[in-house]
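Okay, so chain A shows up in both of these, paired with chain B first and chain C after.
What follows is the complex of A and B.
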């Protein structure tokens, strides 16, 4: 084609169709097509990460360029401070890890179970109006996280809608956003195991990473439970759609055969449907874990880490450290530690939930472990 | 969907054959099913009812009857205040500008790259695709400070460019488009190429028109994502003149204007931030659904 159209003729045609083989032209076109995306992703994904790695090793304060000669280089100090030194920085960081841990522990199972349950019911062939219900459950997922956080702030305000609703049932609700009490503490207190106001010295005297055992065992604070409810409410819809798509791929005859064989509804679900949903279930759990370790918007709008730092999360802490305290080095270090946490958890989860019937890829895992 | 509708009568018939008690059980479980669906529909939708209703209430009314879906009296006071006393019109304009440019940019750039990765043979294609997949996997939260560093270094911080340029191409969109282009037959393109059309010409006038469903899906998820985008605006701009709607709303809630409760005002602003996506959701629901499931595939 190139030979026919580019006979080294007039300058106009020569410029438009240079003398290249078809393969070379396709190669050039290929790179031209991907160039904008490569440039954007390179400049704003790859380069930032490299730059941030450098900043995390310095004490840059935001003035001028971080590559200036005067910027103090501190090596791994910003990282070490998060784990080893007895300091406020470590205490805040560990508190944020604790908060986020409890948050993940509740949100991921709750949204997965709710999404699966709703998908099964919406998928039921005997019910009408499925399109409407599917849309209703999915709608919160597409709305602005900031806007919806404002709505939840209003609903959970003191003497707000939720308190009013609880009052209808004779329950005196808590002051949601100003209540820093840990729910696990409250539970232990309610069971009469421990007095939350005077916890035993064995728990308060020591503990790992600058927090006492008692502090580690707080559970999510009452304030955090509002963010938990908000997030379960907003994300379940998306995961429901994933389950729904998977359910619709299951042949109707398979479940019916099982029912005709005398299996009950639950048995059919447990032994026929659920195994077929396994890949989707794993995906939902993994996506959920990755997303929940990054909770930020809701914390920013609803609580800013308060009360008593019980809604502080690593993502918010890293933002606050960098942009409020202008400690860019430590802030960046926190975000890289969070990065590692997310990657490690995703890999561990993939390994734990791996399909045991599948043939494992030989030899790769052991070699990776040393790197 | 068609399959399940066709199957419904058959399964009822089979169940009926097993006897009257089974029929009663089916009825009971149908009832239970509707009960659960309606209960959760209320749980998922009533907050929006509260949001809209309270934005039309007076402040004392919102404070004393937050649960009521009926404002008494109905007032537009909150909306008047939102438009006259806050910078919301400005935020709305910024949001529209940024969202439209980013959406158009993403759809065009992502389909270009997706097409190249699906169809054109060029050196480094496989490696580039792996890199794109790796980029999808990078948790966004880790990039807050890094993005700021780069924008700051290039002198772009606090500008429209900072709001738009870093997000004008996205790896997930490239992935979706690549998957789509791989699913359509090559023969049409080959015919066009044999007729002498260049690569871009083939892409533009032959392939893109066939890609309408995928383009629409990408347009909608890009619009929704950019309209709702919040953290990027935090690290890209600081001047109130450059705030988008989510950023302005967050500022309204936590900042100086948020003095007192002023809930009708805040909820009114939140309603305005929700409306565009809600309208698109109602009109293009199935593309949203498709978008969510594309997301599942890429994971």
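What follows is the complex of A and C.
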């Protein structure tokens, strides 16, 4: 959204005499203006991050300051243990990565599609009471995630509203929060490919990073799907707003022109609207990926990693390792691995979404250059 | 990205604010009056951090601390913690721990092993009077570190109404595993869920003790998880679960066994004496009786849960702190706590007075003789949490594989 509003407010600078001292003065003034933010961010974000980075390289036991002499420095051991050593720590970490991977895999596309769909609907000129629907769809986003999580706890209780509703249709719903079965396992079982109670030895015998292939292929557990539903529902409102802003920026004339050229509704959407939404799409996907890899509140409130560790996520595991088990080094190491995962994925997304545009350009540019 | 961090920070702040306000509601208004009352000067100013079970406990400890402060001329500030483990962790890291604080038995070894605790236990007068199982719980490297505050044990709680409904009498209350199975069959035949039992080692572990096994050796140095005794216990529990004779609270839509029991969703549950207060508060109409847990192949067995009065190794007022703990752990004071918030005295000399006053609690108190305390070794938290996960999946996995995994992880944590 920031880049959309930027051009409107671009002031015309350089009207004053281009003297060096003035520029220098301007520089000083600029630094003065940003100083409060720099100091605050440095003190409360950068410094703690660097301190945590140090802790992740030590075996600090939580007694006294981690910056004293005598705190054992272990280098990258805490990180190595998460990947190379056959241990419970690695197993927990890999389980949390698996859980979060499936979570991201479902939540990000679902919330993006839903948000886009909602935005198109409330942007339509035919819809009556648009303001009402906009507010209604946006409402879950402004409500506290803790409050919503508690409401979901009640809804998905075994005698709660969801089970009651399923019962009306004669479906005996699962015991949502105590069901640790993986949905992919259930799907494979329902298709008759594999028997979930006795998986083939080829899958259970080995696998990367201490989890068997069978465990990697579990899919999100039934308990996790409730958190997925919750998050898709709450975040789609925010992203709807972003798409809505972008949709309203698209000139109506473009749409009309494509209609005159004979494009149908779907073609207009696919070939005119969607390409114009690409920057917003990137924003939404990136924000979605970051937020989903960091999921914590919902897990903390609703499940604490249970049942059977199937809602354990790296963010929650990091908290648990550091503040419950007093393993501060490994705990912070987990959070830095998470940081790297998020940065890498954000870069990948940037590359994927930019690539398609960039391909035809070089040709055009060279032609233009010659002409 | 910056936007995302901002958004997340805002989310976090919101969540934090939500938690704080809800926590503030929970703790009530009694935080305030105590502060101005503590203005008198004295030779020591003790900071006491407690993990309170509720207002009754907070007020009782405050009263006792005030009485001690008046008599000794010191000040004693009692602060109930919202999250004791986390607050203690922060205080230790900040080099500014409270002088006296509750130490839960399951976390004791973690604190003792890093030198956070002052090993003062045997400087308390008549420290031999504490139950032997509790002394063992708070002994690390041969030293009694701290004085047990009180304790609880698990017992079998029976719903009298459902019992009658199924045509059962007092004589049917199970005293062995076999009887537990047969009475479960009768209850299940009437469409009543026989037993609600928590899905962690803190409940299922009792079966292991009854079978003669445990996760570690008595000194906490060796892993003994994959013993045939433990296997027998888990196989028995598995059979109860498979027949649906035993159900986990979550399957009965309850947060813990006591809630499932209170909602009359099960005829029996295995819980500690804290269930009395919970039932009185939330389900006052449920009539129940308390019995010792059914004995297993190796006789009676139960688990004990306890807390001790830890004194910080970094306290400036260790002598006064020991004097304070001394005052808190006299038999009389323990009886006062028992009356105020329903805990059982950790001193054997208070046993008779307690059973005379609370005859219904005899099964709980008797458990002290054969109770097993929590695993007394550091760095075991994640291992035991993993074991809980195994217990939760007991219906679909084999007990042997669960124990094998526990054995492997315990060995790694204990370094043998």
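Everything below uses one rule, namely that the second predicted complex is superposed on the first by the 315 of 371 C-alpha atoms of A that agree within 3 Å, B and C clash if a C-alpha of one lies under 4 Å from a C-alpha of the other, contacts with A are read in each partner's own complex, and residues count from 1 in each chain.
The definition used in the following text is that a contact is a pair of C-beta atoms (placed from the backbone, for glycine too) under 8 Å apart; a residue touches a chain by one contact, two chains touch by 3 or more.
Quick caveat, the model's predicted, so the values are computed rather than measured.
**Q** Considering only the touch criterion stated at the top, classify A:237 as touching first (chain B), second (chain C), both, or neither.
**A** Once the two structures are laid over each other on A, A:237 reaches chain B alone.
**Q** Which holds for A:306: it touches chain B only (first), chain C only (second), both, or neither?
**A** Touch status of A:306: second partner only.
**Q** Looking at A:63 after the superposition, I want to know if it touches chain B, chain C, both of them or none. Which is it: first, second, both, neither?
**A** second
**Q** Regarding the shared-chain residue A:157, is it in contact with chain B (first), chain C (second), both, or neither?
**A** After superposition on chain A, A:157 lies in contact with both partners, chain B and chain C.
**Q** Taking the superposition on A as described, I'd like to know which of chain B and chain C A:34 touches: first, second, both or neither.
**A** A:34: touches chain B, not chain C.
**Q** Of the two partners chain B and chain C, which one touches more residues belonging to chain A?
**A** Tallying touched residues of chain A, the top partner is B.
**Q** Please work out whether A:52 is in contact with chain B alone, chain C alone, both, or neither, and reply first, second, both or neither.
**A** After superposing on A, A:52 lies in contact with chain B but is clear of chain C.
**Q** Classify the contacts of A:324 with the two partner chains as first (chain B alone), second (chain C alone), both, or neither.
**A** second
**Q** Between chain B (first) and chain C (second), which does A:197 come into contact with in this model arrangement: first, second, both, or neither?
**A** After superposing on A, A:197 lies in contact with chain C but is clear of chain B.
**Q** Applying the touch criterion given at the start, work out whether A:177 contacts chain B, chain C, both or neither, answering first, second, both or neither.
**A** second
**Q** Return the residues of chain A at which the contacts from chain B and from chain C coincide.
**A** The answer is residues 1, 45, 65-66, 144-147, 157, 159, 286-287, 290, 294, 297, 323, 328 of chain A.
**Q** Can you name the residues of chain A that touch chain C in the complex?
**A** 1-2, 45, 61-66, 87-89, 91-92, 144-147, 157-159, 175, 177-178, 180, 197, 286-287, 290-291, 294, 297, 306-309, 320-321, 323-328, 346
**Q** How about chain B: which of its residues touch chain A in the complex?
**A** These residues of chain B touch chain A: 1, 3-4, 7-8, 11-12, 14, 26, 29-30, 33-34, 36-37, 40-41, 43-45, 47-48, 50-51, 54, 62-63, 66-67, 109-110, 112-113, 115-117, 120-125, 128, 131-132, 135, 138-150, 153, 165-169, 171, 174, 193, 196, 198-200, 203, 224, 227-228, 230-231, 234-235, 245-247, 249-250, 253-254, 261, 263, 266-267, 269-271, 273-274, 277-278, 281, 285, 288-289, 292-293, 295-296, 299.
**Q** Sort out for me which residues of chain C touch chain A in the complex.
**A** By the definition above, chain C touches chain A via 1, 3-5, 7-8, 11-12, 14-15, 18-19, 22, 85-86, 89, 92-95, 110, 114-116, 248, 250-253, 379, 381-383, 386, 389, 392-393, 396, 409, 412-413.
**Q** Okay, in this complex, where on chain A does chain B touch?
**A** Residues 1, 5, 23, 25-31, 33-34, 36-38, 40-41, 43-49, 51-52, 55, 65-66, 118, 121-127, 129, 132-155, 157, 159-161, 164-165, 233, 237-238, 241-242, 245, 248, 252, 256, 260, 265, 280, 283, 286-287, 290, 293-294, 296-297, 300-301, 304, 315, 318-319, 322-323, 328, 331-332, 335-336, 338-339, 342.
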